[in-house]
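What follows is a pair of complexes built around chain A, which joins chain B in one and chain C in the other.
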Partner chain A sequence: MTVLDITRPSPASAITSFLYRVDGSASWKVGTAHIIASVSGPIEVNKRDELPDVATLEIVVRPDVGVTSTREQFLQDRIRRAVAPVIALELHPRTLIQVVVQIVQSGDTKILNTISLSACINATYMALLDAGVPLRSTVSATSIVYYTAATSDASKTKVLVDPTRAQLEQIEKDISSAHTIAYELKGGKIERLLLSDSVGSFTEDQVFECYDTAANICEETNRTMREAVTKCVQQKSRWREA
Partner chain B sequence: MSSEVILPGDPIPLDSLIDNLEDSDLAPVIQLGPGILHIPPETLLPVRAGTLTKLTQSKPQESVTVYVDTAGGRYVPAVHDTILGTVIGRFGDQEKSFYRVSIPGSAAPIGILSSAAFANAASRHTRPNLSTGATVYARISAFSLALGEPELECFDEKTGKEGGFGELKGGMLADVSIGLARRLLVPSGVYGGSAVVEVLGQLVPFEIAVGRNGRIWIDSESCKMTVAIIKAIQETKEFPKEQMEERVQKIIKDARQ
Partner chain C sequence: MPEPQPFAEALSSSPQLFARLLPTVYFDKYLSLDPPIRPSLRSPTQFRPCSINTSALPNTFGSSVVRMGECIAVCGITGYIIDSTEAGPSALYTNVDIVGRTGPPQSELMSMSEWMYKTALATKLFDPAQLRIEDTAQTVVLQAQIQLLSQMYSGDVAWAALLAALAVTRIPKAIPADDEETLTADFGTEPVVRFSKTETTKLELNYEKLPWCVNFGVMDDTGLVLADMEGRVEEVSVEGRITIVTSSGNSSIQNLSISAGKSIISKEHIRQCISFAKHRAAELDSILNSQIYQNNGNGW
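What follows is the complex of A and B.
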């Protein structure tokens, strides 16, 4: 395997439980991306959407600018793929779990969706956690961008993890592929791959390399999540002291 | 009582639970509370984020109760829970009529209360006549998420008497988190929770009803005092005991002026 030049991510930050009219909320910031997710549920479900043995999961993505388009539909679909497998939907049959994801700042350039997608997955998961929706494990997602750096010697493949918008704009023309990867984690350790969404041209080796890199980053992201949740839980149980 | 913050999927080793128990000839008993799923044969899976709480008991048998304590989330009805609701309608005929009761903040938003489900309601003439908008303190007598609307009752299940259930007149309703509602329902010594009610009780006479759906009803000598009591309960929900006492005393003192 070639030694890659990986730029480490800017640390992510999370806040939970800051919206009062929903059951759970989370704000997720990484690089220049900022996503707010809110969860209401289990609530009463529309008769038409009712499922007899499981809860209905509704995910709505609201764009930062303009009206909902195919891009939001794409994000909704991918978020569902990443988080639905860990939600214990069968514990709340015939109800609705409604997730609203507001993109505050997408952090993506026009041609990419990867930054907002990974941030949306993380924000959604944190909000579900805050709402007390039954979950089997934890989920973390990350974005990995490959580009060819035009250096004096022959062109060299470089990797960016969770880049900022400025970084992306700088290398926009040289981007060869972008990958969004979500892992399921138990007790802070990688358990299985939930989502692998790639665009651009890349080799098989690069994909596997991606999975390895993402595994490390996701474990780190997971620690950030744990810290945020611990802080929130401790704040809420201060009454236990003395 | 030990406590640590736990996330979904974190391992809960059985040994860590059983070690708390004293040696006994009988097999140790582990009781699972909310937030923990049992996957046979012996995996315990936490499904919520919160404080992992273990309570050991020696009577009637050495046992440990383990659950994930959370402050927030939406209320999911359960049989025997007491709730505070609002009458929003009535249906049925004179012989057999029912009230439709809205249960705010609940996963199942509307409950059905039979007009015969009151103390002394054997005869049609002694049944209470509730009007739309009335606040009722009721108990959930039957419910399953798979079947729909919860069924409500307004009498004490042990004695069959009124027991404080039924319409609440006057007073004021307020929202609290379901975690706080749960705490307000237990004696302060056990769980630290309803200490605020005891402190308030020493300062001012008042009535309180706590619904597990995250609603409380308060009535006292004046509207001003009622509002102050609600403020005291809501504001001090996260305060450690001493800080809570100080704040509650100040709020009540200010309301008296």
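What follows is the complex of A and C.
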């Protein structure tokens, strides 16, 4: 198992329970990406979308700039694949769990979807947690970018984790591959891989290296989520101390 | 004695009805046979038969028709001229659609369309510099229109159609037309650039062995890997998915998408799938090459 020793340029931070008209909300910031997710559910569902044995999960992604395009459809599909296995949908049949993800700042360049995908997955998970939707385990996601940096002697492959937009734009022409990886965790420890999306040009060894590195980063992200939730619960319970 | 067996008639039903009502049980019945087999009568590691036809459509720079099992995709490549010296991300625009679609596209189709465009961009199939028109500040950009002809569709068939069409694409030479002129931004005039009807140059791809797309399913409980998923029964019964875009040989991989669903996907699964994918890519290369050879008569 080869693990790259890298730290993120800026740590992730989260806030929850700040929207009042929905059951749960979360804001996730990492690097230059900022995503807000809200969850309402289980709520009433259209007869057309009703499923007899499980809850219907509806995920809507709204872009930061411009109108909804195929990019948002792609993000919706990938977020669903990462998050749906972890929700106990069978506990609420014939209802709807509605997730709305607003991209405040995508942190991506025009040709990538990587950064916003991992941030959206994290924001969605935290919002589901805040809404009290029954969940089996924790989800956390991260983005890893490989690029070739021409150094004085030869070109070397370098790696960035959750890079900022400025960093991405600087290395844009040299990006060789971009990876978004989401893991399922139980008790703060990695349980299994949920979703992985890798584009560019990479070797089998690089992709396994990514998975191992992402496992460490995701455990750290999980701790960040736990701290954010602890803080929120403490805030909500302050009436008890009076 | 009363009329015999009205119950027996009501209880027996066709296999098709069984497949529709209880697809997962239907699927399990097939897999529990020895050796395990799928409803399409393929073994778990067997790919769909594939046929490729190229250069069948008129008025295109390149075209292809690819059939894998029950899925059919047709790709036509056309181009137009833009006022820019560098094509950049617009060098190849891909659009995927279903023939005879009424109403807005389904979300699955839109998602596939986005995946194709981003993958084509990231895979760097060809160098956009060869599309530049000499002696002008203009370049050609390509548009690939991919039409899916069947109710069942998958990204790998659409991608295969795109690759096959690009492999035979010839760009017509763009020449200034002597008889027509157009206004420039500073109110001067310059000749209109038009496509020649006779002179064409072959589009050079960056890959000698093309990066084909191959998909796999991974079963929840047994972790069994199924190659080349197709059909509603398989789609509903198997949630774990691995999609790989790679060329054969020891070269790098262009795209790897894993969605575990409820299954546990190990590194062994991934290694096995990459190895199968490379074999399939070699197989598809030879199918395409023999088709091109047939068309040209003496190779390319």
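In this section, the second predicted complex is superposed on the first by the 233 of 242 C-alpha atoms of A that agree within 3 Å, B and C clash if a C-alpha of one lies under 4 Å from a C-alpha of the other, contacts with A are read in each partner's own complex, and residues count from 1 in each chain.
In the analysis below, a residue touches a chain if its C-beta (ideal position, glycine included) is under 8 Å from a C-beta of that chain, and two chains touch if they have at least 3 such contacts.
Computed from a prediction, not measured in an experiment: that's the story for all the values here.
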Partner chain(s) touched by A:S137 [first = chain B, second = chain C, both, neither]: first
First (chain B), second (chain C), both or neither touched by A:K236: first
Partner chain(s) touched by A:G200 [first = chain B, second = chain C, both, neither]: second
Chain B versus chain C as contact partner of A:K186, first or second or both or neither: first
Partner chain(s) touched by A:R21 [first = chain B, second = chain C, both, neither]: neither
Which of chain B and chain C A:P93 touches, first, second, both or neither: first
Which of chain B and chain C A:R71 touches, first, second, both or neither: second
First (chain B), second (chain C), both or neither touched by A:R48: neither
Most chain A residues touched (candidates chain B, chain C): B
First, second, both or neither for A:N113, with chain B first and chain C second: second
For the chain C and chain A complex, residues of the former touching the latter: 89, 107-108, 110-111, 113-115, 117-119, 121-124, 239, 252-262, 264-265, 267, 270-271, 274
Chain A residues touching chain B - in the complex, by the definition given at the top: 17, 23-24, 40-44, 52, 86, 88, 91-95, 129-138, 185-187, 191, 225-226, 229-230, 233-242
Complex interface listing, chain A residues touching chain C: 69-71, 73-74, 76-78, 81-82, 85, 110-111, 113, 178, 192-204, 207-208, 211
Residues on chain B engaged by chain A in the complex (per definition of touch): 3, 5, 7-11, 35, 37, 45, 47-51, 69-74, 76, 107-109, 145-146, 148, 179, 183, 192-193, 237-242, 244
